[in-house]
Amino acid sequence: MKSPNKQQQIQKTTKSKVTGDNIFKILTTIIATSALIILLITGYTLVKGSIPVVQNFGVNFFFGQQWNPVEGREIYGILPYILGTLTTSGVALLIGVPLSLGIAIFLVEMAPKSLRVPISYIIELLAAVPSVIYGLWGLRVLRGWMVTYIETPLSKYLGWIPIFSGNPQGLDIFTAGVILAIMIIPTIASLSKEVLTAVPNSIREGAYSIGATKWEVTKRWVLSYGKSGIFAAIILGLGRAIGETMAVTMLIGNATGPSAMPTSLFQSGQTMASLIANGFTEATAGSLKYSTYLGVGLTLLIMSLVINVGAHLIMTRVFKVKGGAIEQ
Amino acid sequence: MTTTTTTITQEEQNNKHVTNDQTQQEIDQTAKMQAINVNVWFGQKHVLKSVNLTVKPNTVTAIIGPSGCGKSTFLRCFNRMHELAPNAKMTGKILLDCEDIYERKIDPVQIRRRVGMVFQKPNPFPTMSIYDNVAAGLKLTGTKNGKHLDDIVKRSLEQATLWDEVHEDLKKPGTSISGGQQQRLCIARAIALQPEVILMDEPCSALDPIATAKIEKLIIELKRNYAVVIVTHNMQQASRISDYTAFMYMGELIEFGETRQLFENPKVKLTENYITGAFG
Amino acid sequence: MMHSYGFRKFKNHLFFIICAICVIIAIIPLASILFEVTKNGAPQLSLTFLTGTNANGGIGPAIQGTLILIGLTSAIGIPIGILSGIYLSEFGNNKYAQNLRTINNIITQFPSIIIGITVYGILVLALGSFSALAGAIALAFILIPIVTRTTEESLKLVPNNIREASLALGAHNWRTTLNVVLPTAKNGLLTGTLLAVARIAGETAPLIMTIMGNRYFFQGLNQPLAALPLEIWKDALQPYPDVQARGWGAALILILIVLIVNIVVRIATRSKMKT
């Protein structure tokens, strides 16, 4: 506990009594504990609240598809929303990751100096736009683009493939995935940019000196050196995608029950977050339905925790181990 | 050979006096590489000022001078590596077999295969094995794994006097060996492409004396097949291994000539001061 | 060999073009959002729109609500965040602090809607009503970990000799921290905090289950409250063109708040770095 730190070290030489210094330290310690308190409150509320529904349905809560709020015949299974979350996030990654990597590579390896700052700046602004405004724009603008330019042609020519089947309306899993892709670009792009910047220049020089082209240097040396860091950036993007609420809620079509199972991209669906946003306030506290929402919240929280902690572990390892190796 | 060099040296001298009319440098047909009136700027900073230099085939040419005199920058002009710095600007010509490598139609990627480079700090590719470090350049042009590639890797490592030490560890990462071995691996990596010229940028400055001795011996061997240009801040090293020496100061080439002549009987006072340790 | 080289060169150019296209694709949504929000939102702007209630065709309560939320949340969250950050930076060389740091990083990544249902569970149910206070607490839960992190990072940039200089003059630790270290780190702190506040200003999900929305102006900390993000959400889902137009107007106000803070902060920090 008492390993020396900046101020203590210095203080040791002076006197130590019950002074303003100690009070100040204790005060900040107590206040810093707020992070732990937030974590505990959240965990406690969600775990306690979801006990009834898990007791009632057991594993069927996680693997069931039915959604029946009629009292006396209540049945809640959240599989469609878990899968909906995974599918929209998956679509988001499929589209968002290549774009983000392209941006990061452009910024670090190719862009003339004068373009670097303004472009990173624009990418950061993309992160500053509130989710609800993405939702509004998605509803009024992106939805139209999706139906006209992407979904209709796809369903016309590739409609025989199950994931492209159905009649595209624009309020569906695909559109939700695309808006998520746009929203996770800043996360993945700026983290990848940091990872690529951390790749030592001596590697690039070595590669150029044996006559590699810029593309070869990037693909074979820079990306391969930074691959675990980029992987962590992608995982963090995934973490952002699964928890994202408003824009998805406004675009996914909000289906419930078995029809919310994501069988086609052109079908309305539901994610865990959008389910909560849509219905939470209608549930009476203490009811089974209320407990269901908390159960969904807990599931979402656990998924998000696993993803973020995983990414965090990779990130620290990448920057420590590789950092050491660079210095030799 | 000797006569040509002296002419060049005299030209150098003239050059310093008649700064306006330096474009008329003669092309030396016997040179492997020749720098003509090279100027380099980093942003506003003028780091190389009308530098001329001739590199003969099968010789070692050393470039010496205090740090910050522009010798590394100059070396990097020989395979267009300085272009990687975002704000670098260059004028003048660098000839490789009497052909300007800065001509529009010439791609630096091809030049770098003919003019290899070894860097100050050993920089083997950390994500690749020892074998792949040597083979990397050949794989770029589509050489597939197999006997042929194995042979080239073996020959390159042998030429770099590293084969005996690593032939059982070819699958290990390039960074797993000692610093001196890493530097020889980088030399093998350059040799594998069978370049015509090898540039070395203070290749021993990060190494201990024993590793340095090995590299120096190797450099003298390399002369048999290649022209070597080496930048060094170590004057003893230059006098030990080089045939020609160029002394640079503040972005200018002060004196260039046969190594022994330059060290024993420098023509310019500044060179003498530097060699005798009056500054630096 | 020559053919192979030509192909490599071609791939190199193609690669450059593809990366440039990626950048352009990412810029399109931002440009389109700014264009659409301005085009559809700007015609709404008028004094009545900014100050009237929905009944009068305005979004006054939502603007007021968002400003109140920003104020309340900052009042709760910024001091806690800064003091936590001070702890982690100045006294943070022990196991307990390391754990807090990790926890802090983890709650920064919590989906915001989780915070919403948590605060509903502990506060809205206890108070028996949706309320401005619950909204501010929920947003503070989001703000605190961000401010903590920014503070820690900014304070760590303050060189140790500045601390030593102050202590050598006989100043106490806490005086040194408050009077010397904090002011030195002022720019970083200000930047990070402003950006964090701009972020919570646009948060929507946790507001759904905490402040609920209100057609009237502020009626007390324990009463439901209107806010711009909720206004945008609800208006967007209505089929009536005039209501939708109101939503665009609200979006313009919100995006102005968020983007102006962002742009001003970045320009300020950039010019600082240059000089």
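Some points to look at:
The chains carry the letters A, B and C, assigned in the order they are written, with residues numbered from 1 in each.
Throughout what follows, a contact is a pair of C-beta atoms (placed from the backbone, for glycine too) under 8 Å apart; a residue touches a chain by one contact, two chains touch by 3 or more.
Values in this document were obtained by computation on a predicted structure and should not be read as measured data.
The interface with the largest number of contacting C-beta pairs joins chains A-C.
Comparing the centres of all chains, each the average of its CA atoms, the largest separation from subunit A belongs to B. Put simply, the chain closest to the centre of the protein, by Cα centroids, is A. Subunit C has its Cα centroid 17 Å from the Cα centroid of subunit A. In whole angstrom, the spacing between the mean C-alpha positions of subunit A and subunit B is 49. Chain geometry summary: the mean Cα position of subunit B and that of subunit C are 54 Å apart.
Across the assembly, subunit B contributes residues 109-110, 140 that each touch 2 or more other chains. Residue positions of subunit A touching 2 or more other chains, listed in rising order: 213, 216.
Contacts with at least two other chains are made by residues 8-9 of subunit C. Subunit B contributes residues 79, 81, 84, 86-87, 109-113, 116-117, 119, 121, 123-127, 136-137, 140, 175, 179, 186, 189-190, 192-193 to its touches with subunit A in the complex. Of all the residues in subunit A, the ones that touch subunit B in their complex are 112-113, 200, 202-213, 216, 220-221, 224-225, 325, 328.
On the subunit C side of its complex with subunit B, the touching residues are 1, 4-5, 8-9. Residue ranges on subunit B touching subunit C, taken from their complex, read 107, 109-110, 140-142. Residues of subunit A touching subunit C in their complex: 1-8, 10-11, 14, 19-21, 23-25, 27-29, 31-36, 38-39, 41-42, 45-46, 49, 98-103, 105-106, 110, 117, 119, 121-126, 128-137, 139-142, 182, 185, 189, 213-216, 218, 236, 239-240, 242-246, 250, 273, 276-277, 280-281, 285, 293-294, 297, 300-301, 304-305, 308-309, 312.
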